[in-house]
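Lettered A, B and C in written order, each chain numbered from 1.
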Amino acid sequence: MTEKISKRVIFAFVITSLSIYLVFVLNPDGALRILLNLLTFAGIYGLSAIGLNVHFGWTGLLNFGHASFMGVGAYVTLLLMPHAAGREGEVTSTGLPFLVALIIGIMSAALFGLLLGLPAIRLRGDYLAIVTIAAAEIFRLLVRDLESITGGVYGIINYTENFQQYRPMFIDKFSESNAFSPSQAWVCLAAWVSILLTVLFLKRLNNSPWGRALRAVREDEDAVRAMGKNAVWLKLQSFMLGAGIAGLSGVLLAFNYGSLETTVFVPLLTFYVWAIMILGGVGSITGPIFGSILFWVIISETDRLAYLLFENANGQQLAGVRFLLVGLLIMLLMIFRPSGLLGKKEELLLDVK
Amino acid sequence: MSNKLISVSKLKKSFGGLKAVDVDELSFEEGELTSIIGPNGAGKTTFFDLISGFQNSDSGEIYLKEKNISNSQPYKIARMGMVRTFQLTKVFDRMTVMENLLFSGSDVSNESFVKSIIKSRSQKSYENDLKQKASEIMDDLNISHMSNAYARELSGGQKKLLELARSIINEPEILLLDEPLAGVNPKLAEDILALIKKLSDSGITILMVEHNIEAVMKISNRIVVLAEGSLIADGNPNQIREDKNVIEAYLGKDDE
Amino acid sequence: MLDQLGNGLLLGIIISVASVALSLLYGVTRIVNFAHGEIIALGAIATLFFSSPVDYRVLFLDKFSPLGLNFAFSCILAILVCGLFGGLLEVLLFRPLRKGEVGNIAVLVVTIGLSIFIRHLYLLFATGRVQNFPLELERRQTYLFFDMTPRNFNVLIAGIVVMSIVGLLLTYTRLGKAMRAVRDSEELSSISGINSDNIILFTWISSSMLAGLAGIFQAVINDVRWNMGFLILLLIFAGTVLGGIGTSFGAMVGGLLIGILVQVSVGLPFMEGHTEAKNAVALGIMILILLFRPQGIFGKKERIS
């Protein structure tokens, strides 16, 4: 259904704008640099949450291994391009052009979704959750152990040039006058353009016979089967779609970090994306965008809170406070406002027993 | 097994020691309007589940158009031309009535992922034709005014009509109706009954599970009686009315 | 491979007790409690706090001193604390959710949020340091086919005894029967005079106490860390799935098997140099079971899909 400009959307805009304004208020110097960093993460995670929404909001699938789809996209793409990996920093100087590698990476993520989904998609909600977590854990362990391919715990480096070489001049000029990093600005732009394209793509799909069929599957699988349609295959397709989107976001995340190793695509990442999706509104295509911005403002300003609680807070304590808030946020949202910012209460799947 | 559209042989299904279905031989011919009746727990819905693929039998065989469909998947059986309704009316709650029908009437190939991205002209014209068809059926059933309402807003009786409309929009050869008159007011029941008769007259083979004996007697060509999972009587309405076993099984006939 | 059998049994007994606890809770409330790991950790952390020598730097960032109590007494106290915690969770969180008819999926996500929250509370207050109970080091001895320290052997025996008692209680007492009745149908059991709220509360308390015990076992055998519950949570799921969801006996057996499988898999040829991935083996098995025999070894064939 098309989302008209409703009170909810206006509210979401207002809240998001206020939160961005908050960033300026709380950071008198370097606000722009902080804002860029925030927007970059918001864009990347927002894209990932859009993918997760296809799984949960459109199809009702409980996927708690989302980070592994992001990981597959990232690792496959990076490994197909020039890079250095492992403890010795072994250099691979040949590779595919960026766009080709990216497309293969995205399709690999989708394929991974197919592989995981083929056996698992038939399972009831809570079992699917467990299986996806387990699969993500197996992925993490494999990546860590196959050091010769993935660089293991030492990871992959020296790959950013493959993407940064396409950076247009105006980004460099813009960054100079505002004292922030041009390479991050380029990633930020790429992330938001990706979001735009993905949203348009999903809206097109939603208002189509395929989208309609998927909604019917969400409503009543048995009735779908009685109409001669293969409900399982439809769910699989949706799983692959969300996985592909996640793969793209994983690549962007890798380019934002500049180096990639096994502590990136972990369950905590999945929980962040879940929190963002719920905050933005389950089932809303654009919801994750607002949710993501709001979420990152909250998270980045919690460091302030951490310093209040602990003088000279160390890294661990910062992380602790941050995740404390994520956990609390997820709980409170699910209990009191499961429809988040933009979700429609009537469309909630959460009353499934 | 010449013009036997559906036939089952030595069909058995139990649930943890409790026998649900145990039918030696039963078949249905093209064009018949058969009602399946029996006391509660007689296994009627389970029988439907078995022949439409929604449950797997413990043993025995099921043939549809001479193909062995035992333990086939429900969507494949539906594609062969057998559509069913459910005891607990199933409609797509958070979709409009029109969308319910469009989805049901749409071909699988129309809903392909690639096609939906391209949105070709042929898909657009297919959808238009589908909309036409849906409108006609809604008119026939007097639910056109609800076309844009969400299915969950419909009354119980209207949901039944919607489920019926959904089942016939893709012109099935065989219709399995599970208690089409349950919980429906007498006037609507009459309309639904008339519709069923009309469908049967147009050549669709109909199997109907019903508790409303009066209705059953009125329109069925043939009545099959199940009790405790087994066949205890099979014949035309008059024969069944006189059948001692049937009377015994019911401990007095139900009057709606 | 045989030398890993001892380690396998020890890991197995931890997972076993924890799986029984989880299975009990799931059986009666139908909730997959992702915060289960944090209750396990609570048992260990509380024991550490109660038993560590006074003024020893262990928790709460030097602001609170441990109590220096007798170790056995500390364990009992810690288990009671866990029971109390579980009871509070039920009364303050899960009962309102249940009365508010919040769906299972929403509750599941809530338990995930809860687990993240509690775990990082531990990180903040119990710190990220790895700590141990104030117990003396022991030497390993040989028992039948395996060797382990006497203390660990006692843990193994204690675990088996506890679970046997739990099994007997479930099967032969009225309380156990009532729990099983609530599991099968909350409505029907309330009609037959069973107060399902009380039964559920009792289940939360006893499940949490068992979880706390599992945590103590884990801390005795290994150590105390803030994320010790999360680390074995997946293995607990695997054990429960392997044994059969909803049956305590299955959880018992499944937990032991998973523990043994994990440790023994270290000896397999393709695992050479990849010993950290031993968990992956157990998880892989769990996935396979969910695909081909979702009711596990002892479970009933209920709706898995």
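The criterion applied here is as follows: contacts are C-beta pairs under 8 Å (C-beta built on N, C-alpha and C of every residue); 3 or more make two chains touch, one makes a residue touch a chain.
The shown structure was predicted, so the numbers you read here are calculated from the model rather than taken from an experiment.
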{"item": "Common touching chains of chain B and chain A", "value": "none"}
{"item": "Closest chain to the centre of mass proxy, which here is the mean CA position", "value": "A"}
{"item": "Greatest separation from chain A - chain, by CA centre", "value": "B"}
{"item": "Length of the line joining the C-alpha centres of chain A and chain B, rounded to whole Å", "value": "44"}
{"item": "Between chain C and chain B, distance of the C-alpha-averaged centres to the nearest whole Å", "value": "49"}
{"item": "Approximate Å spacing (C-alpha centroids) for the pair chain A, chain C", "value": "32"}
{"item": "Chain B residues counted as touching two or more neighbouring chains", "value": "none"}
{"item": "Complex interface listing, chain A residues touching chain C", "value": "62, 64, 119-120, 122-127, 129-131, 133-135, 137-138, 141-142, 144-145, 271, 274-275, 278, 316-317, 319-321, 323-324, 326-332, 334-335, 338, 349-353"}
{"item": "Residue ranges of chain B touching chain A (in the complex, touch as defined)", "value": "52-54, 73-76, 78-79, 83-86, 90-95, 99, 102-104, 106, 108, 110-113, 115-117, 119, 123, 127, 150, 166-167, 170"}
{"item": "Chain C residues touching chain A - in the complex, by the definition given at the top", "value": "32, 97, 101-106, 108-110, 112-121, 123-124, 127-128, 234, 237-238, 241, 274, 276-277, 279-280, 283-284, 286-287, 290-291, 294, 303-305"}
{"item": "Residue numbers on chain A that touch chain B, as the complex places them", "value": "201, 204-205, 208-213, 215-216, 219-220, 222-231, 237, 346-347"}
